[in-house]
Amino acid sequence: MTVKVAVAGATGYAGGELLRLLLAHPGIEIGALTAASSAGTPLGQHQPHLAPLADRVVGETTAENLAGHDVVFLALPHGHSGEIAARLGEDTLVIDLGADHRLADAADWQRWYGSEHAGTWPYGLPELPGGRDRLRSARRIAVPGCFPTGGSLALAPALAAGLIRPDVAIVAVTGTSGAGRSLKPHLLGSEVMGSASAYGVGGAHRHTPEFAQNLGAVAGQPVTVSFTPVLAPMPRGILTTATAPLATDTDPDVARAVYDKAYAGEPFVHLLPEGSWPATAATVGSNNVLLQVTVDADARRLVVVAAIDNLTKGTAGGAVQSMNLALGLPETAGLPAAGVAP
Amino acid sequence: MTVKVAVAGATGYAGGELLRLLLAHPGIEIGALTAASSAGTPLGQHQPHLAPLADRVVGETTAENLAGHDVVFLALPHGHSGEIAARLGEDTLVIDLGADHRLADAADWQRWYGSEHAGTWPYGLPELPGGRDRLRSARRIAVPGCFPTGGSLALAPALAAGLIRPDVAIVAVTGTSGAGRSLKPHLLGSEVMGSASAYGVGGAHRHTPEFAQNLGAVAGQPVTVSFTPVLAPMPRGILTTATAPLATDTDPDVARAVYDKAYAGEPFVHLLPEGSWPATAATVGSNNVLLQVTVDADARRLVVVAAIDNLTKGTAGGAVQSMNLALGLPETAGLPAAGVAP
Amino acid sequence: MTVKVAVAGATGYAGGELLRLLLAHPGIEIGALTAASSAGTPLGQHQPHLAPLADRVVGETTAENLAGHDVVFLALPHGHSGEIAARLGEDTLVIDLGADHRLADAADWQRWYGSEHAGTWPYGLPELPGGRDRLRSARRIAVPGCFPTGGSLALAPALAAGLIRPDVAIVAVTGTSGAGRSLKPHLLGSEVMGSASAYGVGGAHRHTPEFAQNLGAVAGQPVTVSFTPVLAPMPRGILTTATAPLATDTDPDVARAVYDKAYAGEPFVHLLPEGSWPATAATVGSNNVLLQVTVDADARRLVVVAAIDNLTKGTAGGAVQSMNLALGLPETAGLPAAGVAP
Amino acid sequence: MTVKVAVAGATGYAGGELLRLLLAHPGIEIGALTAASSAGTPLGQHQPHLAPLADRVVGETTAENLAGHDVVFLALPHGHSGEIAARLGEDTLVIDLGADHRLADAADWQRWYGSEHAGTWPYGLPELPGGRDRLRSARRIAVPGCFPTGGSLALAPALAAGLIRPDVAIVAVTGTSGAGRSLKPHLLGSEVMGSASAYGVGGAHRHTPEFAQNLGAVAGQPVTVSFTPVLAPMPRGILTTATAPLATDTDPDVARAVYDKAYAGEPFVHLLPEGSWPATAATVGSNNVLLQVTVDADARRLVVVAAIDNLTKGTAGGAVQSMNLALGLPETAGLPAAGVAP
């Protein structure tokens, strides 16, 4: 059986990563590729790394062009996917890489995005408690934000086990591709190289409510989240540093055992050997999450560090993993188990 | 009057930055340049950017070679400066860029460095309360660590004003030059580029007690410090993100006013306009500290971000600033007021 | 049928890239992994990106440990592969990623490497004229150097067609991984980032005779080669700029037609659409060669630019491609047809 | 005496670098700062590294705003400076950092820029033969292009001494700031990092006729120039590799002696010790040119490598050096003699 797939937003970074993965996915046929302003141009002009698709001409993102596929990936700016999805058949698996359908609470959406909520879809993070069940046979899937992917997996075991108090501080260092191909001065190479800078500080980043939603569900109580993203001079990768006050004195070995157990059997989440700390470079192009946890006895805090590739596990890889689960394919199909390093 | 200056450790990164600043400092005569294994070679072989000194031959780091100067800068691995300083006259201004004389508590030193404490010298961070008084006419100065420079200035006003509880979480993203010219695999360009990685996690970094010392002095009570350094792919710069629970509900404007007042008149500490957040690139090669502060109302935390150049304000610039104060020179002499960007 | 493969030099950059490719190659079983000083340690300590092999313990590089495999890859410093290969059976396919067996002329070897020549093996660049024939059923294969891979493919069509005079100037900008994991000061991240530097200038680089050998064979006459490598701040990639005097006035379209014809049907060599010029980023992690050619009418020179990933097509990918041909597997098996970008 | 200076184009990269240098120049008063679309905003919004000027409001670029200064620097897109200069007094020193007045030949201008030629001004490269004489007391100065600065100094001595034939091949690796703050997709950090790419290939770059003009003047005969610029992932720096056929067999020592003599006494041009090759990092923020030359005996070519900072010596530093000469100030005033490294 061949699964026929369409990608809307094929000329962006998320769309490009998705196509890279789909090209190596056995049993996938790549159908319509669509975009907005670049419709009518060959894909090679925008994604020169996708050599096998270089001559494919990009169509316009319309429900008509996306119809007739088994799976439709929407890698669009937020606010656009609801309407298109409504015009695709209910049997079509629609996977939204944007933000529209991640939040369960319409008021949250309204507060952070200022527009009408398009509804909530099953959340595509299989490694969260109950995550896989939500995805099996789903026909609508909301792919998590890149920051909540790393941060939720970093903190979920500790919250579920009651190791920490529900008051977490997260600083996540991200590569520039997370901002997409936006023509903004601060994203120019000349500005980015050699520079680290914080943005969306003080709880202003739109991924904040998604953190709270995920962590609160795991903890069974509201979780206070202080989140600061930092832009670093690298194209890909998110290094999440998450700390929280210990609920009670805890030995580092106990903390490690909690994480070891939580992620035993997970194909993509790897707790590193004791004493090793993750680097984002080791995850580039892979669907892996590399994790380490310890206890700061003086500060009485748990410290967890997680590395992912924001475009792979944080976006397109997570999307493919969810697709695999929804379609009953092997969960790891088409997903690189090793990173590209150095 | 010309001040005659010697630099021990002239072939390292800190020594090189010091010489760059001293070359542009009016009224300085650069005397002996010494090193360990590279003694006998021309400086240009190690510091090709210091064109005016390229032909100077590096001597061995001995008290004899360093004698006869008004000022001796020691940019040495820790453990080496105490003995040399003891053999230099009491009238000589000795400025230690290493860690040996920063900590006031011998037990702290013993715990973190495992060797005998060499004694405490006046601490070279003029912008801390009482900082300038400690340095006037000093003849021994301990230059702060690069992380505590940024982090202490980020948090001191809030602690002094009682805005926050004495329980701070600091994540500091640093360039690679902070590790010096050490031949370690994880510092190779191939490993560093495209990668962010945490190290010294869980309170294991040796700058942790220096944070606690500085912040505790300002707060007038012990301060709990969770500190995580993150290595980022840039040669220079430290971006410090510091958060702490608010002592009481505080308006962002009030927080800004506290910082504005604390650093009014400081030549090198700049609170950015509201809404602007600092980037390390803007500080490269300068002695500036760029700061911003806000309140995360949901998380009930104060968030401060500070950018410095780890080699300039964080090491060699801080050293020159302290020298200026100790010798009664203009505090800003020889210190770039503008960064090199992009 | 499963092909059992051993990798000597598994902890280096070339070995790591090889393992990344082999992990995704259908029908390969990864057997012995060996190294020199790091024997006895888990692979994950050196190659944290190869998650599926993290717990594999590295053995010592000996003929005994490498025996009993269908294919043995040798990713060793030059001078070591001849002796080991001699002790492996003649039926074993031995693929040398080092320099030992690339040069046909023993005097050339002696001049450039100063040691005794270990003999010449079939040369693993299938896209050169006659390249595939040399590799079918081969049991010893010399993988080309990374620079000659890009430069030979850039110039071969023009020389074969007589477009240019046999006097070429090549400047190749390379990422740092080409130098391996060597602990040399100029390869430190602090030195590399933000810097471009030439090395091996004036014909001093050891790949020079390999260029001359390849290009001379294609041209049917000696070719004079001026080759300058430039180190750039990126982990991977080689951008080769090759120019040569036109043999006679030539229209750019004619030049393009020559290249188009030369590489028609090649699975990995892609002549870009007119007006597009290759960037190394588009080749990262793939086995592709991206090419463009034009004529500088004023300077009366042909100009060709080629981009490859030095570790993939330039080393490990070329090795796997040659293995596929020697074993009668599909030539493209296990070789990414798309790069990892951005 | 204080020299009052205005800068048009103050919010761009060239303008920013100029202001950085002028801030440290003794005896300069910084007057009007003007721009186009960003007029009316504070400079700190665009140039956060220029802390002392952060609150200065940018005016509009008009002759009125620029009048009343001793020196007016024009850092504008080409095509704009002629008209403004015509409206400034003849006693005003007008220094154009753009391309408008560099070319001596109106037909050349017309061919490469497609508009009417605005006239030729004295050329601001003092190190060329006769260069200083052209600048003394000049009241109009054309600052060279960044590529011709490095490339002309790399080749002038060899051409003047007749070491090489007038047929040169230049490949220049440049940082991204040379393209200015243009919002183009290929200049985004995500695209630039990890990538090398050629552009303006085949003689298409507009600096080509400027090379030919400079080199032809030195050689006393037409010089054929093949020029290829390569974009590399670094904010600043140009590494020029220039090769040309030897006129006759030449010993490397003889070539070095020619360069040594040509640049003896030059404050900013440094021939490195034999065996050392320049890296751009060593020039960052300085006005230096680091040079090395050798002979490739096999290829019978001279090879010269030169490193500069494109924004300093290649643009703003060259402009200040020319200003100093025109005003009779010390030539090196305000120009860093040491780079910022690592």
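For clarity, chains are labelled A, B, C and D in written order, and residue numbers in each chain start from 1.
The rule is simple: contacts are C-beta pairs under 8 Å (C-beta built on N, C-alpha and C of every residue); 3 or more make two chains touch, one makes a residue touch a chain.
As the structure is a prediction and not an experimental result, all values here were calculated from the model.
Colleague: Going by the touch criterion stated earlier, list every chain that contacts subunit A and also contacts subunit D.
Modeller: For subunit A paired with subunit D, the chains in contact with each are B, C, in label order.
Colleague: Counting hops between chains that touch, how far apart are subunit C and subunit D?
Modeller: Contact-graph shortest path, subunit C to subunit D, evaluates to 1.
Colleague: Could you let me know which interface, B-D or A-B, is made of more C-beta pairs in contact?
Modeller: More contacting C-beta pairs are found at A-B.
Colleague: Taking the mean of the C-alpha atoms as each chain's centre, how many Å separate subunit B from subunit C?
Modeller: 45
Colleague: Centroid of subunit B to centroid of subunit D, CA atoms only: how many Å?
Modeller: Distance between chain centres: 35 Å.
Colleague: Which subunit A residues touch at least two other chains?
Modeller: Within subunit A, the residues that touch at least two other chains are 13, 175-177, 188, 190-191, 193-194, 233-236, 278-279, 281-282, 284, 342.
Colleague: Spell out the part of subunit C that touches subunit B in their complex, as residue ranges.
Modeller: Going through subunit C, the ones touching subunit B are 13, 175-177, 179, 181, 183-185, 187-194, 233-235.
Colleague: Would you tell me which residues of subunit D are touching subunit C in their complex?
Modeller: For this pair, the touching residues of subunit D are 167, 169, 171, 173, 175, 186, 188, 190-191, 193-199, 201-203, 208, 224-228, 230, 232-237, 239, 241, 243, 252, 277-282, 284, 292, 294-301, 303, 305, 307, 342.
Colleague: In the complex of these two chains, what residues of subunit D are touching subunit B?
Modeller: Touching subunit B from subunit D are residues 13, 16, 19-20, 23-24, 42, 44-45, 47-54, 176-177, 193-194, 235-236, 270, 272-273, 276, 278-279, 281-286, 288, 290, 336-342.
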